[in-house]
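To keep things simple, chains are lettered A, B, C and D as they appear, and every chain counts its residues starting from 1.
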Amino acid sequence: MEFRVDRQLAFLAVVNVAVLVAGGVLVGASFLDIYNLQSMAGQVPELGLLALGVMLAMISGNGGIDLSGIALANLSGVIAYLVLRDTVSPDDAPLLFSWSFAGIALLVGLVGGMLNGFLISSAGLTPIIATLGTQLFFTGLAIAFTNGSALGLGFIEPLDAFGNTPVLGVPLCFALFLLIALILGGVLRYSPFGLRLLLLGNNAKAARYAGIAEKRILFLTYTACGVLASVAGIVIAARTSSVKWDYGNSYVLIAILIAVMAGVRPEGGYGRVICVVLSATSLQILSSLFNFMDISNFFRDLAWGVLLLVFLATSGFDAKAWFKALRG
Amino acid sequence: MQLKHEAGAPHPGGETSKAAIPYLEIRDVQKRFGGVRALKGVSFSIEPGQIYHLMGENGCGKSTLIKIISGAQPADAGELLIDGKPVGHLTPVAALAAGIETVYQDFSLLPNLSVAENVGLTQQLVAASGKLARRLDLGRMRQTAERALAAVNLPTTRAFLSTRTDELPMATRQLIAIARAIASDARLVIMDEPTTALTKHEVDNLICIVNRLRAKGVAVLFVTHKLDECKSIGGRAVIMRDGQKVAECDIADHTKAELGFWMTGKVLDEARYRSAPKFGEDLLVVDALSLKDTFANVSFSMRRGEIVGITGLLDSGRNELARAIAGVAPADTGRIRLNGKDVTPRKPADAIDAGIGYVPEDRLSEGLFLEKPIEENIVVPVLDRLRGAFGILDGRRSRALAKRSVEDLQVVTPDVANPVQSLSGGNQQRVLIGRWLTINPKLLVLHGPTVGVDVGSKDTIYRIIQRLADEGMGVIIISDDLLELLQNCDRIMVMRKGEVVETFQAEALEEEALYRALVEETTVRTPQ
Amino acid sequence: MTDTTFNGATPAGNDKVSLGSAWRWLLRHPPVVTFALIVLVCLVVGSINTDFWQVSNLFDILRASVVRGLFALGVLVVLASGGIDVSFTAIAAFVMYTVTMLVTNLLPGLPMPVILLVAAAGGACFGALNGVLVHALRAPSLIVTIGTQYVIRSFLLTFVGTALFMNIPGSMEAFGKLALFTHQSANGSISVLPAFVLVLAVAAAVTWWILERTLMGRAVYAVGGNPGIAERLGFNLRTVHIFVFAYAGLLAGIAGIMHVASNRLANPFDLAGTELEIIAAVVLGGARITGGSGSVIGTLLGVVLITLVSNVLILVGIPSTWQLAIIGVFIVFAGTVFSLRAKG
Amino acid sequence: EETPSIVTVVKVTGENWFTRMNEGVDAYGKENPGVATSQVGPGKADAAQQGRLIEDLVAKKVAAIAVVPMDASALEGVLKRAAQRGIKVITHEADNMKNTLVDIEAFDNKVFGARFNEKIAECMGKSGKWTSFVGSLGSLTHVQWADGGSENAQKYPEMELVSEKNESFNDANRAYEKAREILRKYPDIKGFQGGSAIDVIGIGRAVEEAGLQDKTCVFGIGLPKDTGSYLESGAVDGISFWDPKDAGYVMNKVADMVLKDEELKDGMDLGVAGYEKVTVKKGAGDGVIVVGQAWVDVDKSNYAKYPF
């Protein structure tokens, strides 16, 4: 089970480099300076984590998808802040505040993910319906708890450092994202759980017949999606110093875009973490490039849509066979 | 006996080609799926009012041929002529419009539509020549449905007409599919194994229907494995082997042995694989196992080293019984004891923990992870045992285990990292058996172990089964293939309507007797 | 013979009216669950605040159901065929903005029926594009329509315009104001039932007729039930795919015009983000997200339920901030009930 | 040396309000070749997208950023980093913002709110029920206007504030539905104070449909062209606004001054109507707040004079 470089991976790596080079040529050296690289890296985790969640859900098959990710991310931040607002003073004990913030947010993510997992694995809801319902529910709770307004955290040193400060040149939140990706990749590849999840997504019936505990795996998978969402929630809170119910309301779709671009199969059974990471970074670099070039944001969305359709069209496309045919 | 009739050679059984133009003529039709040449150039003609039996081993291309005739799949090469005129690319609607009606092997009923719609809709679709922007004539649809249902002795009440078909039992669905085929003015009715789900009585009724159709000048094309049934219906036999037509003859003129020879290219070796069984202590005790609406009060026991066969019609409960023993669809009541311990499984994992391996009926949809490596397909039940440091999978051990399994079962593959879909049917089946051998099972349940597997592979698989039994494993074989049961088992249980009605000692049992027990309405002998 | 087979035909076979069979009947008729929920909400709200039983309230719910209802009927047809569409709001926004702009700038006197026709045709074209893509790319329609949603909306905003459009054509404004029924309450305030609710009524009737009385309708359900078998039986999958998405697009185009006419302004940013709520309404009405089922009446009830929940909370003193959470709970509840149906 | 660039970041691209603001931004750039001015904004009113946009501007290292925040608190972090990178940060409509050098307010928001209320009070005869709308509770200025209004209303004991600060989420249709709910719950309501620029449009429509043009008093912020038909019918009685073009111009002017290290003095003249004599006071953070008197009142008689 050694590291494989497949077509998708090679392609995404090329795209990353190509966009970086294009940036260097079109914008100038400032696009490639360390500050911008760090700035772009810092922006990746929020979406990257949500996309990892979408990937897990998609891998599990049966139309798996998690529409509730960003809603749960926001809810985690909101609840963590509301709980701590009156109990821990961020000015007196910033470190305690930050850690408890993260802890509570993770707990909310865990519970939210377990709710999704329960609905899908035991109550037997289709993932779309379950996560659609919980998306509205989580968002609704966040609105209800905050009356719809943003809550400012103020400047909390450790949290802010986590969101924005590079350590050894790498933004902490990006490092965390990479660490999580690494662990997730390892779990998918080298653990019985991961292998079972991939097999389950490939053929649910065969998996059940082979003794794979379908319910348990689905439950754990969606729970993991919830936890990933709450980590995204922590990153968001750290980077914006605030929590709000509708932060990133366009993220649901972009996370799906990242996953599909990464070659995750929407029908289940296949997906690679490294591809999702590269897909997220290439999208971020492209997005930053557009911003540097003052290209309208509407146009950027247009590009995303076209990109998604193009990836769908070419994913079934077999380059090798094509070349073979070309050569005769 | 030597092979007399090569492909393309003039068929036996005398003259059939008359001066008249046949209704349907198939000329040199070819079809390939990836690397498989399913049809290698098949020609024959269908005359009005004639009955044909398309015969051949699993995978020889029968279903593919009828899919091409009915427009469900295009041929790669060759020609179809209807009334002497070439029809070019035949779509399902065009085939229906030309009077070709098909009863598919899987019935092809729309699960969420009503009985009336399933029976009466196609006629309207054909009348509109496939155009969908047409009004639906509800009255006519009902009339059509009522008439067709009455012809197959199904009720025509309003309640029944409006039932969804996925709420009906198998036999009823089969009859509905037949009703649909005869609902409109067909000129050729194709039936792909229409009797597997039917009782003797219903089969007799079907034969009446077929005779009526024939009298009206309608041609009927059966696809079937049941030689006795074919003989009792009569008509012409079209025999295929390995994608080619090898013979065509009047079915009455030839013995079963001859037909069998043409189908397999070998003298049918009916010799038993089973010899000198050595039974050990008691292994399995099934005690009053019941599942609502499917089977009731099934009890039997077997010993180590014993091979037990179970057979019955499609909804006799044999499939569900197998699934209950494997924990896939647990029974409501009753007990299963293995080595004296109660192991009644609630889910497949329970059965696996107890040492029961289950090779399911449909290897593609229930057994294999087609795009995944052979290795993963084999080691899946023992992943937990392959953990190394930090709970990480030990790749080397896993690979070694898969390789050993592949060698042991003679799976032909260069690398266990290849996806299992790169294997042929017989090899895929051996991978599945290999999967269960990794858990060192005490009991192996094989559900249709050689469906879609050719003769050579069958032989290998049978030898493996015998070896496993000799090593002290208990084996249960659930199968339609009576010969397979007779060749391999020590005992054969026949199920009807959810009950085990007879149990035979396989040794010296006649296939004829077994067949009669299978389709008989009532029990004549008491179980042994 | 007939008798024996018939016994086999009804496996459950117990005709006694028990709690179990009532439950089963309920599960087979999902709109009943929806209707029960509506009645429940009405009774609870009405008993807490008698103001609920006002004609004006009824009018408001009907008025607010129109655009949602039109969307939902389109979604129903797509869901019934086994697909899913999230691009209809983008189509509606595109059509409503472009048509309003074109009519104002080029043909200010265009009568309303022609405007509706143009909008319907435009929406149908976009929808057909969806259908072609879904069929050709053989990818899940959810993901395809996410793509087209992005393309359509951002094309609108990049190349057509972004500014709020206040001066809508006279014919549209007049149509929006046209009253079907006017009610004067005791305190003198007037409530109006706008005539455009008739558009929803007509659309519902037409959709019902297509689904229940044409071959296309049966084809939609057939494809939703099992596309492989439907194709084998002679139903043309491509025709069905293109039809369902085009029909959803057509209704979306009309819904866009209704939105403008009733709001008296065309805002290209409008309607975005409401698609999941609409899908939720259809699912609440008993359509399975996996296809092959769903009814017009159920869909309308689902729309009414969602509208009701978003309109009446203030009357019972629940802050409207709880609206979304409550809809979410309803969906999870309905989803659970319907998944029981699938199992039982 | 390159000309320093001042980038104005708005809440969302394409809305009439910010399109008008763009005119001011461009105008300043044209008049002052020494700086390059431009305006950007997210395609969707999403605080996350606005934050990302600014993030990239900081990486790009523009000279100055002038922001109209979607959600002030969500931008504190990124604007702090901008400052650390030596970028001058100017804000508008965010007087609680900490990480800004200068926040520009067209006027004192409390006073502005009180002015609305005064007009409503006069119109409704200083008695009866009234309510207020805000775009969202997160929009600081909207909340300040609503609060300014309610403080002013305390002068009139007969006036009763009901169901205050309804959120329209900057959506005319939401505002309409909220207004209908309120009309239903309080059929005798007389006054509406709008917060976001489209609130009066929605309220006006609800009032018109209920036939209550003459029985209600609707005042609020709004743009003349958008609100025209409702002013005409009397459903909306008056609107006030500050010209976003001037605000855009002033933001860039102040940014330019900061870049040139010029001092911002109390009472100075920024050369635009309404900002001739600005007040400079201390802000929430280290920066200052510059306040003008740039409001414009409009009613049925004079709305046609304004082309936007």
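Points to keep in mind about this one:
By definition in this document, contacts are C-beta pairs under 8 Å (C-beta built on N, C-alpha and C of every residue); 3 or more make two chains touch, one makes a residue touch a chain.
If you're wondering where the values come from, they're calculated on a predicted model, not measured in any experiment.
Think of each touching pair as a link: the shortest run of links from chain A to chain B has 1 of them.
For the interfaces C-D and A-C, the C-beta contact count is higher for A-C. Averaging C-alpha coordinates per chain and comparing to chain B, the farthest chain turns out to be D.
Here the CA centre of chain C is 36 Å from the CA centre of chain D.
For the pair chain A and chain C, the distance between mean C-alpha positions equals 31 Å.
Centroid to centroid, with C-alpha atoms defining each point, chain B and chain D lie 74 Å apart. The geometric centre of chain B is 44 Å away from that of chain C, both derived from CA atoms.
Residue positions of chain D touching 2 or more other chains, listed in rising order: 13-14, 43-44. Residues of chain A found to touch two or more other chains are 147-148, 249, 296, 298, 300-301. In chain B, no residue touches two or more other chains. Taken together, the chains touch in the following pairs: A-B, A-C, A-D, B-C, C-D. Against chain A, the residues of chain D that register as touching in their complex are 13-14, 38, 40-44, 46-49, 51-53, 55-61, 71-78, 80-81, 85, 98, 136-138, 167, 169. Residues 27, 30, 35-36, 39-40, 42-43, 46, 147-155, 160, 163-164, 236, 238-242, 244, 246-251, 287-288, 291-292, 294, 296-298, 300-301 of chain A are the ones touching chain D in the complex. Interface residues of chain C, counted against chain D in their complex, comprise 51, 54, 56-57, 60, 64, 154, 157, 161-164, 166-167, 185, 187, 189-192, 259, 263-265, 267-270, 272, 311, 314-315, 320. Looking at the complex, you find that chain C touches chain B at residues 1-2, 5-6, 8-11, 212-219, 221-222, 224-226, 229-236, 239-240, 243, 292-293.
Of all residues in chain A, those touching chain B in their complex are 1, 186, 190-192, 195-196, 198-199, 202-203, 205-213, 269-270.
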